[in-house]
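The first chain written gets the first letter, and so on, giving A, B, C, D and E; residue counts start at 1 in each chain.
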Amino acid sequence: QDEPLVLTANAEAATQWVRNFNPFSQASMRYSTHDFIYEPLVIFNRIQDNEPNYRLAESFELAEDLMSVTFTLREGLQWSDGEPLTSADVVFTYDYLEAHPELDFVSIRPLFESIEAIDERTVQFNLVEPNALIATQVVGMPIVPEHIWSEIEDPATFANEEPVGSGPLTEIARFTPQVYDQCRNPHYWDNDNLAVDCMRWPQLADNTQVLGALAEGSLDWATSFIPDVENTFVARDPDNHHFWYTPSSLVSFSYNLEVPDEDLSKAFNDVDFRRATSMLLNRQDIVDIAGFGYPIVNDDPTTLGELYADWVDPAVVEEFGQYTQFDPEAATALLDEAGYVDANGDGWRDNPDGTPIAIDLMVPNGWTDWIDAVTIASEDLQAAGLNVSISTPEAAVWTADLIEGRYEMTMNALGAAAMPWYAYNRAFNPGDEGVSRFVAQRFFDDELTELLADFPQTQDREEQGDIMNRAQRIVAENLPLFPVYNSPSFYQYNTSRWTGWANAEDPKFSPVVTNTNPARLLQLLDLEPAQ
Amino acid sequence: MAFLLRRLAFYLAAFIAAATVNFFLPRVMPGDPIQIMFGSANANLTVENLNALRLTFGFIDAPIWQQYLTYLQSIFTGDLGRSIRYFPAPVSEILGRATIWTVGLVGIATILAFIVGTGLGIFAAWKRGTRADTAISLLAIFTTAVPAVVISLLALFIFAYQLRWFPSGYAYNPLLDPALSWTYISSVIYHGTLPMVTMFIVLLGGFAITMRNNMINLLGEDYIVMGRAKGLSENRVMFWYAARNALLPTVSNLAIALGTVVGGSLITEVVFNYPGLGNVLYQAILARDYPVIQGQLLIMTAAMLIANFLVDVSYVLLDPRLKKA
Amino acid sequence: MSHAPILSLDNVSKTFGGGKAPVYAARAVSLELTPGRTTALVGESGSGKTTCARLIMREYEADEGKILFKGEKLGTGQFADLSAYRRAVQMIFQDPFASLNPAHTIRYHLERPLKLHRKDLAKAEREAGIVKLLEKVKLPADQMLEKYPHELSGGQRQRISIARALAVGPEVIVADEPTSMLDVSVRLGILNLLNEMKRSLDLALLYITHDIATARYVAEDIMVMFSGQIVEWGPVESVLGNPAHPYTRLLLSAVPDPDVRLGEATDFSPDDIVAIRKDAAQAQSEVREVGPGHFIRVPGGTAQA
Amino acid sequence: MSAPVLSVRNLSIDYVGEDSDFHAVKDVSFDIAKGEFFGLAGESGCGKSTIAFAIARLHQPSALIRRGEILVEGRNVLDLDKKALEKFRWTEVAMVFQSAMNSLNPVLTIEAQFHDVLKTHLGLSREQSRKRAEELLALVDIPAERLKSFPHQCSGGMRQRIVIAICLALNPKLLIMDEPTTALDVVVQREILQRIDVLRKELGFSILFITHDLGLMAQVCDRIGVMLEGELVEVGDARQIHTAPTHPYTKKLWASMPRLRGAQIGGEASL
Amino acid sequence: MKQLLVGLSKNKKAVIGLSILVIILLVAIFAPLLTPYGASARVGRPHQPPSWEHWFGTTRIGRDVWTQMIYGARTSLAVGFGAGLMITVIGTVLGIIAGYMRGKVDEVINFFTNMILVIPNLPLLLVLAAFIGQASPLVIALILGFTSWAWGVRVTRAQTLSVREKDFVKSAEMLGEPKWRIMTFEIFPNLISIVGINFIGSVIFAVITEATLEFLGLGDPNAVSWGIMLYNAQNASALTVGAWWDMLAPCFALALLGLSLALINFAIDEVANPRLRTGSRLNRWKMLVRTGEGRI
């Protein structure tokens, strides 16, 4: 045979590679473990309205009562060591999660009453409560081979150095601290569609290094923040160097509505104060300067923005859109009107009752683009007379403080998902108080909670839309989050060796190579060697 | 001998003290590593799952003294735990790998800087007041005064970015497999040159100035005058009378200078993305990888102690006055 | 003038090091200092002279024996407080370059003892006191006060040291080789000054030196020390004229004497020297009077007086 | 009188300052005959060492020999080039410094310090130089085992004698002793001087003996020169200098020396 | 003290070093007069090259580099001199106490000193700074002050040990001077040059270390300082995108300050230790030899 066809990619920054392909080890496995070694049952195409791409499963079916979901596996599936892949492996995986809860990195096992193998190829998941979205959640958990993992005593510390998987690239042909090669699975069911013989993962420590490798053309596929990408990357070889950035997680500012400080609490819980604040955020400047112009401005009071454009209710935007536009004059007018004027003559606005307002705006140290964004925002807030100062604790401290509600104002991010319900559910679920930093603003509204609980109970898109419309009205009206932008998912590619990349002209799926995007597998399979 | 024994006892005490500090430091640090691991990831973990994970990472709720004893026991058996960031790789493995590069880089740079710096110092002292002396002194002053960060960044800017003579990272071309081949070795040299030269420059001035000043202080000593009076050649007096004696304080300073060496290598490694201990420590701090931080500080301290001990030994060898004591 | 002794050492011993190689710096040393009299303590380097001085100055505590001041044991009674003792007993050091702090002016050096021990003095009185002190040591006050030590000659500095010691109005002065670092031509001036002070202030003076000729010049009594022991003592003329202890004789024979050419006085061969020193280093407890007030410790070995 | 071993002619030496010079030695002339024990007396800082250093050409910058000649056996030392100078040193003029403690290299064994000289000047092997060193040590009455010692393992007197032995290694014509015994006590001092005197008579070298102890000088020297502030104010036979000094300064020096025996000097003679 | 100052005023290295330092100091003090912009105001487009409007260009988020540099001088000087002072005070006090008191006190101080000396300083600082989280320049100065005094103790103690044997200390003791007075008025004035060298050395160390810690991202990103400038420039990949001015300006400033301090330090060494002094005397000597006025 000729030289193997190699695709060089980078998805994670590291100073050295450590051999770990344990798919349950979210924090320490190599990013190429999911999808490439452990293929998902189904890949839902986020940017094509969650259209399912069947992988290990050839179909799935949700019960009428939404109390169970049944997956049917493809015929003749094999693990990379030639053993058959059956529904028993699926059942084993979930039993395994039950025995080892620390492996359950998406906390999915508690959603099920039981998992049963109907036959060799069919497996049924019985739910604890009705859930229309369960399929999209199930596919996030990899399936592992029973004949290997049943032998593993301590799976949390198991490095799975010689993985036996179901995906296209399971053979670790080389592994050094500086590079590893992951090659074709001889037993892969879809080998006919796979042109890539090996994927090569060079170790790159930071953005600067990724840029170096991209610029010199040695990297085919990357996901990295590249400063001034047009000049530093594209211009080096305009024919082959390309990028395509799509909107991803929502970045917003928020006040802590349960802030312990009484004076602040008064102001924060006043919707006028919040609206004025939001109107003081110069979103375009933040995007252009702090984000190098890559992020997508989000001035949608519902926070849904371009990412979930299909779900946005124009009426709500019409009504409340003014509060998410940068408009210092309107903002100061609103503040003046609401009584937030400088009562004690220190140059800063105070509460209507004269008590002072001094706000600490917290952002994690080291997140430079955020710090820049916060700096820009604070300049405008200060110009309008709000006494805002920035503090930058360690990321860990910041996280803990957000979770425990020990902060005043912050900038926060909310991951992108297949549909806005996930985002809302993560941001406004009272059950997550004290558990997750995504509810840091602590806006809990009974009606909203109820709406969010109702949503998964229906499969009907129209009904779902209705629920979302009502939910987004509540959010836009109260403005607990001041959306600023959706950060881009970075995606750079090089066409000199491989073609078939998704891009703005052909947005077939999200081609980002990070391990949170299962669609990267679709991209891999679409690649063809360049002529 | 007694001198060395006393030093050994001190080193042991210092090591245990350092280990103790090392044990408590991360424990009083705010921020939970598990939270960091998942803080920005998209995972959604329940509290129970988080706790289960904490346990697997060894965050046990045993009384602190018990943890401390276990800790002491494990460091003396060489078990430094497992990295959080690179879980489940043992810390010793990660550090071991990095140590090779640091020892190579730091070792060679330090030895070269010591030899060249000391040589320059001897030369400047011998020719004191001349233009050569002025030039060497000013150069030495300059290199000691400019932060290693600045020197590293300038070197990176000029030689890696502008002139493109050297690569801007790595210990060798990552596509090569480590082997005793010329391609590999030349790649190691090619990648190591810039950080090495930078460290060399960072360290050079200190050695040169100390040696120069020590030498000048000694030049008025009777035994040096006597050496000259004996009609010995300039070189013999310079090296066997002046330099040999001036080296003693320099050597004892070397032990302390090692602290600077470690610091300098940290910066150099970070700037040049050299996969050494300094870089690993830096990344570990950013990732709050406690076990690695702990292991790292311990290894660095141990290395300092060993280096200090070697310096002590060489001091005894160089200074006959200590042998009998 | 004849007085009772003001300060006396009674069988005082001091050992350094201990363990395997102890250094007997002072062995059963007894001596008496009397107001108006100078006692010279001579001996070779390392014989324990400075140790005696420091014991008197209470820089060290004696291992054995006692030191009596005005009949009272130190550390008790009237002199339990160190500062009262300090006021009464002062010391002058060997090196005039080292005994003044280069960082302070002459005024400071003379002002401090007055401030410390004469708290009753007003500022003007103190000023007058300083001027008087300088007059005593024959230095012009107007030119001296604002100068720093390095601007003075060795002799001038030693005078300042003496003035400082006198400032507190002491009754005993211990001078440890006060002239050995000075040039020949100024040495005598200092010795004369000390003598004069002794007379006018009725001081008891302990003059420590290895230069026996100057000891003869200033002292009434002399004590010869070797290896921590005082081997011979008595009135100067008697001891120097009729040395009875072999070590004293050896020492005297080695003192440079311009009147005797080298090689003419070869009464001791190298072997003799070794033998005498070895004998003298033994502990000697027996004391014999060899003349009026002139004693030796009888060497334990073969050498006979 | 045969030709002098050392002849200093109109020697003037300055120490160069930033804007003016310090005249340390002013127009000094004297001779030392073969086998003579010549003393140079004077108070601290009068320029004695400066002369000694000039004779061995040991000065370092800032010292400037303005004028004069230093003739050793008729050859002007000041005209020697680097090579000749290295050869000249120690073979013709050897030097003992004030403090024996500091004039031996602390990190070399005694043997190595002998070997240094013997190898450089005579090209002796280690074996040969050890033999020679043993002979030399025997001259100063030090056992041969001491060769293995380091300087700090020997007592002060022993070290001083070792230095003297090293000085004699090449049978120099002139031995300069710059206050060689000030750090020793009188008994040892006496012993060493006696030994040097014997060796001088045996080997026939001349000695330039520098001290500020006039009494000692009168005792050991044949001739004495008295210096005052860089000038040589009086040179003469030791006995004459002692008994019949001519220069007022010399007289004053004697007058301020207490006597060990006989009539004591008058107290007010000095000041 | 006076001698030291007189000596320094005659030393060419000291004069150059001091002049640079004074210029930096003046620039720092009069920063607001030397720039029309505010220290952390965005005043232009990102990463504009040096121009008449922005002498040293602008940073990634559009701040004026020159302005940041001269305001940053305030931080560097404050941290340097503040921490330097702390390090020196602690080092000197402990060093004199250890050297003068000896015995148990000395043993304890000495043990801790030696121990701190064998623990690598920068890694420890890194960990401490990370532990404290947002390390403002003040906090950095404090950490430096509390962890870096060991070297000062060592040299001060050694010097004290030799000074305390001087007779003037003995005579002060015999006069009955209290211990604290002996340490402060008799011993300390004689350690001035050691303390001076220690101080300037500590200032250099503090300036360098502050910049290093900040460069590594352990500082307060809102501070205006040279280290933060480096950090921001590094994060903005200034060198990669060709905005060299963003990176080189703080580098230049740090090098200049370091150089001036090092020159002063070297000069103090020369003044305190006459043997190290060369310079004009030697030049005159050389001239005299050349013109045949004399020889060695």
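Rule of thumb we're sticking to: a contact is a pair of C-beta atoms (placed from the backbone, for glycine too) under 8 Å apart; a residue touches a chain by one contact, two chains touch by 3 or more.
Here's who's who by UniProt: B, E = Peptide/nickel transport system permease protein; C, D = Peptide/nickel transport system ATP-binding protein.
These figures come from a predicted structure and were not determined experimentally.
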Contact-richer chain pair [B-E vs B-D]: B-E
Per Cα centroids, the chain farthest from chain B: C
Between chain B and chain D, centroid-to-centroid distance (C-alpha), Å: 51
Distance from chain E to chain D - Cα centre to Cα centre, in angstrom: 49
Interchain centroid distance [CA atoms averaged], chain B/chain C, Å: 56
Euclidean distance of C-alpha centroids - chain C vs chain D, Å: 33
Residues of chain E engaged with two or more neighbouring chains: 130, 133, 217-218, 240, 282
Residues of chain A engaged with two or more neighbouring chains: 208, 212, 366, 394, 397
Contacts with 2+ other chains: residues of chain C: none
Pairs of chains in contact (touch as defined earlier), listed by label: A-B, A-E, B-D, B-E, C-D, C-E, D-E
Chain C-facing residues of chain D, complex: 43-44, 141, 184-187, 189-191, 193-194, 197, 212-220, 242, 252-253, 256-262, 264-265, 267-271
Residues on chain C engaged by chain E in the complex (per definition of touch): 57, 59, 82-83, 86-87, 90-91, 93-95, 98-104, 112-113, 116-117, 161, 164-165, 168
Interfacial residue positions of chain B with respect to chain A in the complex: 30-33, 35-49, 52-53, 55-56, 82-89, 94, 97-98, 168-172, 174-175, 177-178, 273, 275, 279-280, 283, 286, 288
Residues of chain B touching chain E in the complex: 10-11, 13-14, 17-18, 21, 25-26, 28-30, 128-129, 133, 137, 141-142, 144-150, 153-154, 156-157, 161, 209, 213, 216-217, 219-220, 255-256, 258-260, 262-263, 266-267, 270, 278, 281-282, 285-286, 288, 293, 296-297, 300-301, 304-305, 308
Touching residues (chain side chain A, partner chain B) in the complex: 14-16, 18-20, 25-28, 100-102, 104-107, 110, 154, 156-159, 174, 176-179, 202-203, 205-206, 208-209, 212, 366, 394-397, 399-400, 403, 413, 415, 426, 435-437, 516
